[in-house]
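Pasting the structures here.
Below, subunit A partners subunit B and then partners subunit C, in two separate complexes.
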Partner chain A sequence: MTTTTPSVTSVPLLERFRVPGGFVLGAVLLLGVAPLALSDFRLSLLAKYLCYAIVAVGVSLAWGRGGLMVLGQGVFFGLGGYAMAMHLKLADAAATGETLPDFMQLYGTGDALPWWWKPFANPAFALAMTVLLPMAVAAVLGFFVFQRRVKGAYFAILSQALAAALSIWLIGQQATTGGTNGLTDIQGFFGYDLNDPVNQRMVYFIIAAVLLVLMAIARQLFVSRYGELLIAVRDSEERVRFLGYNPANVKLVAYVVAAGMAGLAGALFVPAVGIISPALIGIVPSIGFVIGAAVGGRASLVGAVLGAIAVAWAQSTLSDAFPAAWTYLQGLLFVVAVGFLPGGLASLGVVLRKRRTRTTPIPTGETA
Partner chain B sequence: MSGEGLTVRDLRVTFDGFKAVDGVDLDIRPGDLRFLIGPNGAGKTTLVDAVTGLVKATGSVTFGGEELLGKPVHKIARLGIGRTFQTATVFEELTVLQNLDIAAGSGRGPLTLLRRRKGVPESVTKALETTGLTDLRDRPAGVLAHGQKQWLEIGMLLVQDVKLLLLDEPVAGMSHDEREATGALLQRVSEDHTVVVIEHDMDFMRSFARSVSVLHAGKMLSEGTVAEVQADAKVQEVYLGRASEPEPAAVPVPEEA
Partner chain C sequence: MTVILNQSFTGISIGAVLLLIALGLTLTFGQMGVINMAHGEFIMAGAYTTYVLQKSISSAGVSLLVALPLAFLVAGAMGVLLEWLLIRRLYTRPLDTLLVTWGVSLMLQQLARDIFGAPNVQTSAPDLLTGNISLGGGITFANSRLFILGLALLCVLALTLILKLTPLGRRIRAVVQNRDLAEVSGIATGQVDRMTFFIGSGLAGVAGVALTLVGPIGPTMGTNYIVDAFLVVVVGGIGQLKGSVITAFALGVLQSVLEYSTTVSVAKVMVLVAIVAFLQWRPQGLYTLRTRSLA
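Moving on to the complex of A and B:
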C-alpha cells in the first residue's frame, strides 16, 4: 500500500521511495508489530490469512494483469498442501516408530505404504514438490488450454471443474488420502513440535517472510517488460499475435507462476492450521481465493493482498456469527466488486477523482 | 533496405461456399505504395487476412521467397509483415511508449523480458519522431485522438521492423488535416518499406497512391497507375459509378462486414 498520502504524489522524492518505503512498512508491520501486538491465537489466525494472501499474489498476476480468470486455484493450493501434509504425516509416524500414518492404520487395506507416498518421506523432495507439482500441472494444462485459445468464461469453468474433480477424487481415496477428513492432526514441522506456541510463531514468521518475498518477485514481474506485455495480451491478444508474439506462452508463464505461489501457500497452510482437506480446496474455496483479490483490487498487488487478508478475516469473524449468511455475502461481494468496481478498493481513489474532474481530451498533435 | 515484394498466386478464400477471394493474382514490388480498392465485399480485407494468416486460404502467397499460407499468425509477423485493422487496436492502458516498446520486442529473450525497461530503444525514438507522437509518449494510448491511434499503430509496425505494411482503411473517420498528415506519413514510410493500403477514399487514393489494384467480387479487376485504373472502363462501371468525374467522397461508405 502507499506509505505516502495520495495528495503528495507530485513530489518526486516521495514517489521514488513509495515502493521500497511501502515494502519496508509492510515488513515492519508483519514481522515486528503484528507478533508483538497479537496473542498467539490471533497470530495463528493471521498466519492462515497470509496464506490466502500468498494465493492472492498469484491471482493478481494471472487475473489482474493477465486477464486469466483463475477460479480453480484450489487445485494448486491443494497439491502444495497435500505434498507438505504427506511429508509431515510420514514424519509424525516415523517419530512414534510407525511406518504408516494414523489414518492408514484405521482405513488402510494393507500395511504397505502406497508407492506414490514413499518419495514424500524425503523432506527435500516433498518441499520441492509443493511448488513444482502445481507448476507442472499448470504447465501441462495451460499449454493445451492456451494453445487452443480457450479463454474467458470457458477458462473459468474449466478451472472450476478441475477443482471439483480433484476434491471429489480425494474424497474417494479414503485409504490413501484420508478422504473427506483430509490429512489432519499434524503434530510436527521438520522436527519442531507444532503444539508449542513458540514454533507456531516461527511458522508465522516463515509465512510472512515468504509473502514478502513473493510480493517482491511479483512486483518485479509487474514492472518488467513482461508485465507490460502481459497487460497487452489481456487487453488485445490478437494484436499481440500480429506483433510476432505467441500470446499462449505469455499467458502460460503467468498461469504457472500463479500456480506455484498457490502451491507454496497450500504447503504453508498445513503447519499453520494443522490440516488439509478436500473441503479446503474445492469449488467454494477456489472462488474464495479470488474474492479477496477482486475486492481489494486484482490489478494492484497490495490491493489484492490486503483484500485477501480482509476477506479472510471477515469470513472467520462473520461466518461464526452468521454461518448461513456468509456464503451469500461472499457472492454479493464478488458480484459487486467485479461488476461495479473492477479495479477493487485500490481503484476507489482514481474512480472518485475521475468523477470530480472529467478527463480532458488531449489536443491533436501534428504529424511532422 | 526497401522492403520485400509480395507475390500472390491464385489465392482463394471460401466461407461456407461463398467465394470471398476467388483466384487472385497480385504482385507487389519492393518499395511500392499500393492502394487496394474495390466496393464493399470485394474481398480486400479478406485478402489481407489470408496473407497474414488470420483466415485459411488456398493458392500461394510468397514473401521474400517464403510461402506464407499455413503458417501461424505470429510466425508470419516475424517474417516482417505487419498489419493494422479497420478499428485502431492499440493497448489502451499502456502508454504510447510502452505500446511501441512491446511492438519492438518480439525477438526479446526471457532475461530481457523479466527486466524493467531502461531507456528508450533507438527504433522507438525514431518511430515517435516519424509519427509525431514524441510529446505524447507517456500518455496512455486510450486517451489519444482517433488519428493519433492510427499513427501509433503505424509506428508500432515500424518498430516491429516489418518490411511490408498492410493497412486496412487507415484514414477512415479522420479529419481532412489528419488525412493529409497520414498520407505524408505513408509516403515517408514507403521510402524504405513496402506499403499496401486498403482504402475507400478516392481523393486520398489519387493523392498518394503509387499504384492501384481494383478488386471486385473476389477477383482482380484492374491494376496499374491511378490514371490507368481511372481510365479503365470496367473499373468505372463497377466502382466509380460510370461518371466521368466520380465524386466518391460524397458517398459515405460503411465499413465492410
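Moving on to the complex of A and C:
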C-alpha cells in the first residue's frame, strides 16, 4: 500500500474513531447481540470458536507480524488445556469424595496421585500454569532456537515436530493423562455446575471478554515501537541486526506472547467444550490454528480473528453434513487463501482496488 | 549384547525407511527450499499403485517389481503437476508452500478415501520377503526389512550417480548452489526444477512401494512419516545427500535404542530434544554448503 501518511490533524473524524468504534461494535456484538440472539447450544459452539479466535490473535502477532511460522500452537493450547482440565478433574473428584480422577481409577497403576498432579489441586496454581507453562516452554525453546538463528522452514518443522511429540507422549501416558481419550467429562468449573445452561453462558461471557481484552492488548503491541520492530524483523532481519537490535529477542517476545495466548485459549476451551485430548493438539489441529488466520488475513488482527471463527464455524457445520466435501473445501481454502491471497480476505479490498487502478495508465512511466 | 545388536538392526531398518522417504525431500526441499507436505501423499500414491497392481497381477513378486518403476512414474507425474500448477508460483514465498501443499495433501487424502475407501488395505508380500534371515547368535533380520535397506541404498547410489555424472545432475547441483548464477549461465532453471520435482516425488512413490511390505496402506499413511522425514533433512543439512543418509540411520538407531530402554512415546520426545540440541550445535545441519550469504 502506498498511501501517504496523513498528519494527525488531517485524519478525518471517522478514521480516528474507526479502531475504538470497531472495538465497541465487536464488544456489543459478542457480549450483547450474540447471547440474546443465539440459543444455548449455538452460544456454546460460538464459545468454542472464540477459543480458536484467541489462538488466532497470537498467531497474527507471531506469524502475521513476526513472520514466525508457528505450526506448533497446539502444544501451547494443549498445555493450557491440560493444566485447566487437571484442576477441574481433581475438583470434580474432590466434590464426590474421591481422591483420584475417574480415569485414573480405571487405568491407574496405584492409588496415589502422581506428584506432578498434586499442585494442580490448587486453583490459583492451576490458573497461573495455564498461561505460565506454555510461556515457559516457548521461552526455553524459542531462546535456543532463535539465538542460533534457526528460522524459516527449520523453525516451522521443529514446531510441528514438537506438536507431534507432545500428542504422542500424552497418548503413551494413559495412566496419568487419560491417553487417547484425554481428560473428558468435566462437570464443574470452580464450583459452578457446567451442565447448567446459565453457567455455560457465564463461560461464554468469560471467553468473549478475554478475547476482547487480548485483542486490545495485541492491537497496542501492533502499533507500539515493538510492533514496528517486529515487522522490520519479519521483512529484513539482517538489516535490523545491523541497526543494533537483537532480532532473537524481538522474535522471542512475539513467540512467548503467542504461546501464552494459546495456553489461555486452551484453558478456556476446557470448560466450554468439556474435553481436552491429544487429537485436539497434534499436527493437524496445529495447522488448523494457523489456517483461520491465513484465510482472514494473518497480518490483520480483525481479519485473523474473523477468519478463525469463520473456518471453525464452517468446519463444524459442514463437516457433519458433508464430510468428504468439507475436506476438499478445506484443502482448497489452504491453496486459494495462502497461495493466491497471501494477505487473506482482509486484503481483498486492497487487491481489487489495485486491479482496478492497474487498468488505468500509470503516469510515472514505471511498468511495475 | 544380542539385544543391543538386534535393536541396532531394528534401528537400521527404521533408518532405511526414513532414508527412502527423506531422499526425495532432500532433493525438493534442498533445491528449492520448498516444503512439500504433499510428499507424504506421493508415498501413499506409490503404495496404492502397488495395491492396484496386485489386484491385476496375482503374483506378488512380479507385481512388486512392476510397481517399483510404475510408482516412480505415478508419484513423479503428480509431483510435476503440483510443481507446475502451484509451487512454481510460490518460489518467492517458500514458507507459504508448506500451507498450500498441506491443503493439497488434504485433498489427495480425501481423494484416496473416495476411491479406495477409508479403511486400510493390505498387500501380500512375495514369499521370498516374508521370512527372517538369521545372522547367528540369535540375531535375526526380517527379509522385507533387508529388501527395504537394499532398495534405499540402491536409490542413494542411483541418485548419487545421477547428480555426479549426468548433465542433468550437474544442472541440479548448479541450481542448488546458486540459482541466479545458474540462470545467467544459461540453465533453464524452471525445467531443472521440474525434473528435480519429478525425481524427488518419484522417490516418494518408490518409498510407498517399500512401505507396503511393513505396514498397511491407508489414506493417512503419508502423514505418519512426513514430519520425521523432514527432521532427517533438516538435521542432515538441506540439499545434502550424505547428510540425509547418516542422519536417517542415526535417528533410526537412536529411536530404537531409546524405545528399548524407555517407551515409544518417551523415545519420540527424547529424539526431538536431541534434535533441538543438535541444531544448537549446528544450526544449518550436519553438512552445509559453504556460501558467503548472510545467515
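Please note the rule applied: the second predicted complex is superposed on the first by the 342 of 368 C-alpha atoms of A that agree within 3 Å, B and C clash if a C-alpha of one lies under 4 Å from a C-alpha of the other, contacts with A are read in each partner's own complex, and residues count from 1 in each chain.
Here, a residue touches a chain if its C-beta (ideal position, glycine included) is under 8 Å from a C-beta of that chain, and two chains touch if they have at least 3 such contacts.
These numbers were taken from a predicted model, which means no experiment stands behind them.
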Contacts of A:287 with subunit B and subunit C, given as first, second, both or neither: second
First, second, both or neither for A:238, with subunit B first and subunit C second: both
First (subunit B), second (subunit C), both or neither touched by A:27: neither
First (subunit B), second (subunit C), both or neither touched by A:220: first
Contacts of A:229 with subunit B and subunit C, given as first, second, both or neither: first
Subunit B versus subunit C as contact partner of A:279, first or second or both or neither: neither
Touched partner set for A:332, first subunit B, second subunit C, both or neither: second
Residue contacts on subunit A - larger count, subunit B or subunit C: C
Overlapping contact positions on subunit A, where the subunit C interface meets the subunit B interface: 238
List of subunit B residues in touch with subunit A within their complex: 52, 72-74, 77-78, 82-83, 89-94, 98-99, 101-103, 105-108, 112-117, 131-133, 135-136, 139, 143-145, 147-148, 151, 156, 160, 178, 181-182, 184-185
Of all residues in subunit A, those that touch subunit C in their complex: 69, 71, 141, 144-145, 148-154, 156-158, 160-162, 164-166, 168-169, 171-173, 237-238, 283-284, 287, 290-291, 294, 324, 327-328, 330-335, 338-339, 342
Partner subunit B, residues of subunit A touching it in the complex: 220-221, 223-226, 228-229, 231-232, 235-236, 238-246, 359, 361-362, 364-368
Sites on subunit C touched by subunit A in the complex: 29, 33, 35, 86, 89-90, 93-96, 98-100, 102-107, 109-110, 113-114, 223, 227, 230-231, 234, 238, 263-266, 268-269, 272, 275-276, 279-280, 283, 294-295
